[in-house]
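Quick notes on the structure that follows.
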Amino acid sequence: MIGWIGFAILAWFAGMLVNSWLARDPGVQWRRLAAPIVFGATMIAAWEGIVRGFDISEVLLPAPSVIAATFAASLDILWVDFVQTVIKGALSGYLIGCGAAFLIAVAIDRYPFLQRGLLPVGNFVAALPIIGMAPILVMWFGFDWQSKAAVVVVMVFFPMLVNTVQGLQDTGAMQRDLMRTYAASYWQTLFKLRLPAAMPFIFNGLKIGTTLALIGAIVAEFFGSPVKGMGFRISTSVGQLALDLVWAEIVVAAIAGSTFYGVMALIEKSVTFWHPSQRT
Amino acid sequence: MTIIQAQNLDLTFQTNDGPIHALKDVSLDIEKGDFISFIGPSGCGKTTFLRVMADLEQPTGGSVTVNGVAPEDARKARAYGYVFQAAGLYPWRTIGGNIRLPLEIMGISKAEQTERVARVLELVELAGFEKKFPWQLSGGMQQRASIARALSFDADILLMDEPFGALDEIVRDHLNEQLLKLWDQTGKTIAFVTHSIPEAVYLSTKIVVMSPRPGRITDVIDSPLPKDRPLDIRDTPEFLEVAHRVRDGLRAGHLDE
Amino acid sequence: MRAAVLPILTVVGIIFVLWYAAAVWLNAPWAYDKATRSGADMHFTALVEDTWSQEKPKLPAPHQVGAELWKTTVEKKITSKRSLIYHSWITLSATLLGFLLGTGLGVLLAIGIVFNRTMDMSVMPWVIASQTIPILAIAPMIIVVLNAVGISGLLPKAMISMYLSFFPVVVGMVKGLRSPDQMQLDQMRTWHASASQTFWKLRLPASMPYFFTSLKIGMAASLVGAIVGELPTGAVAGLGARLLAGSYYGQTIQIWSALIMAAALAAAMVGLIGAVQRVTLKRMGMA
Amino acid sequence: ADDVTLQLKWVTQAQFAGYYVALDKGFYEEEGLNVTIKPGGPDIAPTQVLAGGGADVTVEWMPAALAAREKGLNMVNIAQPFKSSGMMLTCRKDAGIASTDDFKGKTLGVWFFGNEFPFLSWMSQLGIPTDGSDGGVEVLKQGFNVDPLLQNQAACVSTMTYNEYWQVIDAGLTPDDLVTFKYEDEGVATLEDGLYALEENLADPAFEDKMVRFVRASMKGWKYAEENPDEAAEIVLDNDASGAQTEKHQKRMMGEIAKLTAGSNGALIEADYQRTVDSLLAGGSDPVITKAPEGAWTHAITDKALN
Amino acid sequence: MTIIQAQNLDLTFQTNDGPIHALKDVSLDIEKGDFISFIGPSGCGKTTFLRVMADLEQPTGGSVTVNGVAPEDARKARAYGYVFQAAGLYPWRTIGGNIRLPLEIMGISKAEQTERVARVLELVELAGFEKKFPWQLSGGMQQRASIARALSFDADILLMDEPFGALDEIVRDHLNEQLLKLWDQTGKTIAFVTHSIPEAVYLSTKIVVMSPRPGRITDVIDSPLPKDRPLDIRDTPEFLEVAHRVRDGLRAGHLDE
């Protein structure tokens, strides 16, 4: 027991030591990538040590090694759930929600009347806790992934809308005046000035949306679902005290979410390469 | 032929600190082929006046015509090129792409675009920088690119707001010479804002001295200098005399305060 | 300010019209279902009347929600368990505590990240990953684990609030504390300012606009956290419990009134932060 | 007084009237106990709370308890106030259901979160696959309410005789519109609301004594509630902090609950236990538990409590 | 006495486009009481050189001493005041608050702070603007406030990077006079970057001409002008001759490219 706790403490210090060495020269690409990995490994090692050292019951918090074993043994279940929740629910909802928000943002931006009326109301609606919306949407759209997609649409819609509207307004006065001196049409100004200038904001919305989409799809499954999906598996397994499977699903969620986020960040980097925040 | 005619222009900005009288009772005629410089202390309304001509600002009184029509119609007919006080290049476009922008908007053919971009880059000595992005250039180079952009579509009127402010003297001298040559060859009408007395005198056929609070014209000085101006004309007595008049006008404006 | 009234009223008006129409459309199947089973037939006015006054409609009409709100706020003593104000207060207290904890944690993390390169490089990706974990899934476990170490009552709910609200604060404050440009930092260097002087006199004031924006997002997230946290604490009381109980008994009107109340609560808190922001930034000469 | 924390399986309602009556009437106090009742909810696994030490004793259904026991959580049934099962499947006639033979190809709503075990073993006894294969049924994870039935999204949903069934009736469907299949009648009834505590705690005589007094007072509460259903329902209403329960519904529920507790004095009847275990073991290819549990119940507490 | 001594300074910036040689083999001695101007085309390393003296940039080769010690020690001893190319006032502090900032950091007493702020505001003619916020002032006034800030703690060395770039000629002339007076009265050592040849000649005891790619010193011109310099000294032949030498030096730098 003492041994495992000692292991946890040791792992923690070793990890921090390695990382402060890595941080000494942050210009190097591999060091930037290695640091979070080392940090994660440190946390996992400390977790293993603490769970074993304090002999924490497996039905409360399983050790990482147990979770990993379950993960490897349940790949087929995890895959089915992943397809149901992430591909069908989250991704389709994300595309619909972000797409709709984008188009409406352009419309709002075009008509200041809408802007003054819709944004305050929109902010109010955005404050609706979606946890409450989820059962209603399940009631409206049925049990399968469609209702999950609907929850995701509601969740990603407003962050995307607000960011896009703000981005479309984020052109400098001089940049707009320049377009005026060319007597450029509305659409020319939109495509050649406002959309490019809005990209950093739009990507902010898209990035926030990635984590929201995942959470939304999973949470919606708590309120009714077919007998597959990550949310279904999590809630069912908690009831069965199969905490190792719960954590395996959480690991899938974290990996999927981080990957989704990372992909958007990469696309952002290539689209908004010109923005000061991307240049350092 | 009168290209730009301003009569009793008035412009007041409403701010929460109360109104600012940026232009008061400003009247001026600019003839075809004129090179007019505006000079005056910070905040005297030079930029504002230029913006009124460009239909970027609405006067609160008086009238302006550009090419005989309202500024709005002139703008829509793409009658002028405007160089802003700051370069204002779009960071997501290369230098070439920035210069191509007005050409795209005006629907000029691809081939012609390429040809024109090459020509104006040559003119401001930026050939070879076409593919670079704005932030990869020094401030002075950016300013030159923005001048090239305003020249690319070959409008008959040029409105230039301190285009050479960020440049060192040698480059500035050089660009002054180029601008004079261009003006001479093409017969454009140019309105030019500057802080430098020698620059104003060297370039202009007419120098307009302005004064702040309220912004107004205090003096209009016709230059007796010939159209052909080598750089060392700046050491001639005629030149120095005009420069003196301008300096006196400016100083009077400062004493007012 | 006044310029916004007409557009808002118009938009709200349009929403109400759509809402009533949607209520007819969504509730009609049940109305027909009832009618066929009782053998009666339905004409349009009867249909509309029925769809706007069902006891457990798929979508309650606005006036039904309004009446419920009125009944549960104005007509009930605020100490009554049936008063929505009582439940709002329960949720609000957890929200506020969670918000304070989340803001504190977020600011501390941000300071660490800005001043310590090791933290910057290793922690940020995990902060992002932490937000991809479905909170509703681990909320019960958090509650149980905290319970096991003897923490119960307000604090577990507040912890979940904190978990959701610290993220926007970290992201915003890191941006904000890094917002001074190189020249401003160089100035501090030329005066040989200490790290804490640089923090108090430059980084912190410069981060204020970001700070308030993060607070607004954090507050909304905090409320969601408090509601989520109420479900696995036995859903005893609070808006989350109302939502759940409403959902359990198919009381859609009760769900919607709790939802509207929650949104109003969030809007009020965010509005409050906005007011503080305006006053503070004005004092600082930044507005 | 000794502190005892009781974790309920679900929200405050007449299903748990006995405990609230015992608290309200001072029966616990008389036994020198200071009892805290923690309501449950859709996300609360009483087994997990017990494991985490958040409660001394919990109300749980036997299938979930036995499954948890197989996972290594040593929980033991110390009393069984519910004699009969209240679980049933409620179906719409107009969905074409008249008998269990009609299930094939239909959509059925089922509670999960540890409550799916009785359903799964029933289906495997009927020989109906539930994994989506041909000739089987489509299973839905039913949410908290009976909406799927009302919205025609499912042909049948799970209901309790004392609760969800009446929600269906209140929503406007009449008993004539419905067909019900009680697990009790189908011969697949499993034991519901029993009291469970951890084996290692019970090894401590002081704790055991606490449980004896607790069960004694609780059973006194239950019997009082059976005899005074309306008063019991009022007591439950007083204890409902969410303010969402209605008097009509709770009184009706109390009436139904009284039928389920009727045959029990609190002591587990071994035959009922055996039937539950057999039913769970008969789960076909995917049984709920894989071997007959040992030591999953004790009469030690009830023997002392009831004499 | 030599206040600043640079020997064979080298500074290369590593960028993703490859290294930029900002300073190459730069050696210079600055004596106590000198007024040194740096002039040269954009990007020739003027700012970089100043930043090296201020310990804001680490040279990659060679050595510098300030007051006989390493720049870092000089900085920690608060040996110099630095005026940046842009005003860089904190928007959340009033003009007075901005000037007080370095004094607060250096732990100077409240009473003394008040007294000093009043004095330097007087000096740059901003008395009465103490309570205003930066954005309530014009660009020129902001620049003057930033000069006041650098003067407030009375360091013996002043490093000034194009402090008068944003001002019009009249104001600039005036501030030039003021600066000379201050220098004369206090015996400070001043290093001053500018783009303007007349300004460099008018102010300095020594003019350093620099050239880019790589950044290096191409000429050091000692001024024969007397310490006492009225504004019209600029029309004397001595002045014009120095100006000519500087212009030639500059032009040579440009031809290099």
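Here the chain labels run A, B, C, D and E in written order, and each chain numbers its own residues starting at 1.
Note that in this section contacts are C-beta pairs under 8 Å (C-beta built on N, C-alpha and C of every residue); 3 or more make two chains touch, one makes a residue touch a chain.
Note that the coordinates shown come from a computational prediction; the quantities given were computed from them, not determined experimentally.
Contact analysis places A-C first among chain pairs (by count of C-beta pairs in contact).
Among the remaining chains, D is positioned farthest from chain E, on the basis of C-alpha centroids. Per-chain Cα centroids separate chain B from chain D by 86 Å.
Centre-to-centre separation of chain A and chain D, using mean CA positions: 38 Å.
If you average the CA atoms of chain B and of chain C, the two centres end up 53 Å from each other. Shared interface positions of chain A, defined as residues touching 2 or more other chains, are 60, 135, 139, 222-223, 235, 238. The set of chain B residues touching two or more other chains is empty. Counting partner chains per residue, chain D has residues 42-43, 45, 48, 51-52, 143-144, 147, 151 touching two or more of them.
Pairs of chains meeting the touch criterion are A-B, A-C, A-D, B-E, C-D, C-E. Across the interface of their complex, chain A is touched by residues 51, 54-56, 75-78, 80-82, 84, 86, 88, 90-92, 101-102, 104-106, 133, 135 of chain B. Contact residues on chain C toward chain E in their complex (touch as defined above): 183-184, 186-193, 197, 201-202, 205-206, 208, 284-286.
Contact residues on chain C toward chain A in their complex (touch as defined above): 3-4, 6-12, 15, 26, 58-59, 117-118, 120-126, 128-129, 131-138, 140-141, 144-145, 148, 220, 223-224, 227-228, 231, 240, 243, 247, 252, 255, 258-259, 262-264, 266-267, 270. Interface residues of chain D facing chain A in the complex, by the touch rule stated above, are 42-43, 45, 47-48, 51-52, 64, 67-68, 71-73, 112-116, 130, 132, 138-144, 147-148, 151, 153. Across the complex, chain C is touched by residues 16, 19-20, 22-23, 26, 31-32, 35-36, 38-40, 43, 60-61, 113-118, 120-121, 123-133, 135-136, 139-140, 211, 214-215, 218-219, 222-223, 230-231, 234-235, 238, 243, 246, 249-250, 253-254, 256-258, 260-261 of chain A.
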